[in-house]
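Can you keep this structure in mind? I'll have questions shortly.
Labels run A, B and C following the written order; every chain starts at residue 1.
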Amino acid sequence: MSIASNASAGAPRIHLSQDMQQIIYRLLAAGLLCLALSLATDAFLTSNNILNVLRQASLLFFLASGLTLVILTGGLDLSVGANIGLSACLAATVIKATGSPILGTLTGLATGCVIGICNGLMVAKLRIPSFIATYGMLWVLHGITYYYMAGETIHGFPPGFRQIGSGHFLGIPIPVYLMVGFLVAGTVFAQRTVWGQQIYAIGANPVAARLTGIPIDRRLILVYAFSGAMAGVASIVFLARLNSAEGDIGEALTLPAIAAVLIGGASLFGGVGSVFGTFIGALILTLVLNGMNLLSVNANWQPLVTGVIVIFAVWLDMYGRRKA
Amino acid sequence: MSNFKILAAALPFAVMATGAMAADETIAVFTKNQTNPYFQTVRVGADAAAKSMGAKVVHYIPTKPDSIPEQLSQIEDVIVKKPSAIVFVPVDYKAMVPGVEQINDAKIPVVNVTDRSAGGKFLAFVGADDYSLGLETARYLLKEMGGKGNVVILEGVKGSLTNVDRVRGFNDALKEFKDVKLLASQPANYQRLQGLQVMENLMQSHPQIDGILAANDAMAVGAIEALDGANRKAKVVGINGTKEAVDAIKANKLLATGDYNGFLQGCIGTMAAIRALRNETIVTEVVLKPTVVNASNYQPYDRPLESRACPSWSEVEAISTKTN
Amino acid sequence: MTDHALSPSRPLRLPSVPGVAISLVGLVLLFAFSSPGFLSTGNLSNILVQSVILLLIALPMTLIIMTEGLDLSMGAVLTLASLVLALIIVSTQSLILGLLGALAVGLAFGFVNGSLVAVLGIPPFVATLGTLGAAQGLALIVSDGQSVVGIPRFVRQAYSGTVAGIPTPILIGIGFYALFHVLLYYTRFGTYIRALGGNRDALTLAGVRWRPILIAVYMLGGSMAGVAALLMTARMNAGHPTAAIGMEFDAIAAVALGGTSFEKGNGWIFGTLLGVLTVGVLRNGLNLMAIPSSVQVACIGALVIFALFIDGMRSHKS
């Protein structure tokens, strides 16, 4: 993890050309994977499958994009998966009770956001290490969700609401539009706004950031709130796609989301990484799964293949960074 | 006060039957996890039986789903408390044998429910077998397909007993239908989202899929959403007989779901344990026949669990496979 | 993870009545009054025995975290080692060969983890996330997804036997705790480990080749997973392809609960012992009180936050 110390404080602009090179290496990793898959099976390089991969990557990206900002500050949010579970269950309850998808969506977003703010307060104000604060939060959220759902599921939502997850516009799935929207917004926010630059600065060198007068606590609460709200967004798309809510829906997503951010070139020590890199990371992970399904890889081998490809992708990225 | 009323209402029956001190009977019920709706049905069944017989139930569920070390620890903890009897669903039928032996050493009577333990002494076994459940459900689908076409299998968590046996049942049924082709057998880990995504991926490489064998209902319902999204049709079956699956059958989306009635298992297991404590005759083995729930016979499943009633003991004796 | 650096005045964590000790004493008092049977010898020995497997992987995890690293593969490696141990014992009836096999698996994965981190410079979180997948995949492949049974009875003794009336696992736990304590505080290796986290550059300047040391730390972790695999297998009298999945997070939580921080080599191995015991006491006590599982889940989270909150308060005041 010593690489992080190379990133000089508060001035990511200087590294722009390096950033470009890293992004090129990362795209190269994704490109190699695509090439291998299109050689291996005819079914891969079809417009249908590409839209399919993008739609599948969207859910992971929503979660991972919020997480990227947290990781940029040198923190971690392990509660995002559990957050999806509770947000989705509450949103589903409200939709069922009121029949209003708008109220339900607001509930989901608000729940995610409130959980995020709690994380932010614990990290910024109580000074609990983020790994532990959000790990504790993960258990608390699971407990509440299991208690609330008691092993049941809530299913069957209005068709209009379901469009968010399963609808198309001009032949392209709605979640893909949402993903592009958040990708652009996230990139502009992180690279082109004062707040975004402050977030990079906090991660790169917290002491210097404090001395230059950046309101660290408020920015930290902001990024955790944002991460929570993105979990809320993911929970809504999840509900709309799957037409069903159950207690453990997000559990399998936390580690892949963190992996997506890290494959995307972010460092757990903060200050390094980008929302676009995370997008590539989410894409690579989704491609691996897609490829294994298309090729019908034996179920026993799938974790092994995923593990090796994750390491390889990151190594390629490291190699590129060192050459840059 | 309300507890007292329930006791007061139940007491006359208990006293009539046995003259035992009903209030002192505590039954510890072990189940595998708090996320799978199936085990909720077992728990509700156990509660219903205990309530009608005037005994008390305490549930022990691993906080991490299906955790072997945690269930072993829970057994060790519960032995300290010395409950009157135990109703036991092992998270793994082989690895939990040392736990059962500890219960035996502590001389606490124990009834085995759902998965048959590979060792230890039990008063009785109440369960069904996953193999015949998989076999019957798959046979139903293959017959409905007219004995020809292409199918895919969505597998559950690799390494779990339920998955091993269900998938074996699926495959043996496939052997009986020579004109049915198995295109792929891929893991979706009993998860709804993975069921959806794996199905989306499989549809890319297989233009014609006529039938889907899912090892649980959540994956089946996920696969249906994938089919709907792609405007494709296939006959889908799941396993577990959940409320959600029944709703999908009513809506003509799901062909059938295999069920072995967790509610009945919870009822009969708990009734047997309490009857044994009161020195009444019990049966030593009840293996419930798998039911394939479909559009013609779903009605009994289409009501809330809490309103279902346990069978009378003479009904239990009628379906038992061994008595003492 | 630079959370700590946000308060520049934060002092070194001192081992004086930290949050984990307060939590442990508080829980013991609570359960002693609310749950008859909690303080019985049988139950106390219960808690200790149950805690040993977690302790065995939390000890090396402490060292790994002190090097600013992390090992997410430990649960999966433990699982794989346990399967290999079971398979070898079943086919050769030899406990020694089985244990050697388990240790070999652990050392091999430790070596791969260490090399990925120290030589290729891959962040530990990602490197070990990758090897987690690899170990889990291999566990499924060698076992074909099934439990391995048919282990002779004598293997059970490793977990359920006693020496001079004390359960073997407790003795194993005490032995390894002592070993790690000495290793960390009384050997040069320990000094290097502490320097690896906070002061890697100084090591380089002093001419110490830190890469082999870092690899050795991960290999130590792997070999402890091998030792824990023996107890795990003996406990279940079987090998199972998902037995210890996720245990690494329990270990990391116990280490953090014990006051080891994720940066600057700031660790406290006795705190890890207290952290493991606190989790053990909490789970046991909640089971004795028959608290519903969903509430137990929330309690574990609340405890973790509480203990670290106390620590935060203390260092904030000083």
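A few comments on the model shown:
One rule holds in what follows: a contact is a pair of C-beta atoms (placed from the backbone, for glycine too) under 8 Å apart; a residue touches a chain by one contact, two chains touch by 3 or more.
Remember, predicted model here, so these are calculated numbers, not experimental data.
Relative to the C-alpha centre of subunit A, the farthest chain centre belongs to B. Chains joined by the most contact pairs: A-C. Once the centre of each chain is set as its mean CA position, subunit A and subunit C turn out to be 28 Å apart. Averaged Cα coordinates give subunit B a centre that lies 34 Å from the centre of subunit C. Residues of subunit B found to touch two or more other chains are 34, 158. Under the contact definition stated at the top, the residues of subunit C that touch 2 or more other chains are 140, 145, 292-294, 296-297, 300.
Residues of subunit A in contact with two or more other chains: 146, 150, 299-300, 302.
The touching residues of subunit C, counted against subunit B in their complex, run 37-38, 40, 42-43, 46, 49-50, 53, 139-140, 143, 145-147, 149, 156, 160, 232, 235-238, 240-244, 246-247, 283-284, 287-288, 290, 292-294, 296-297, 300. Subunit B meets subunit A in the complex at residues 34-37, 39-40, 43, 65, 155, 158, 183-187, 189, 191-194, 196-198, 200-202, 204-205, 218, 221-222, 225, 228-229, 242-244, 247. Residue ranges on subunit A touching subunit C, taken from their complex, read 1-3, 73-76, 122-124, 126-133, 135-144, 146-147, 150, 203, 206-207, 210, 216, 220, 255, 258-259, 262-263, 267-270, 299-308, 310-311, 314-315, 318, 322. Looking at the complex, you find that subunit B touches subunit C at residues 34, 58-64, 66-70, 72-74, 76-78, 80-81, 92, 94-98, 118, 157-160, 163-164. Per the touch definition, subunit C reaches subunit A in the complex via residues 1-8, 10, 68-69, 116, 120-127, 129-138, 140-141, 144-145, 200, 249, 252-253, 256-257, 261-262, 292-305, 308-309, 312-313, 315-316.
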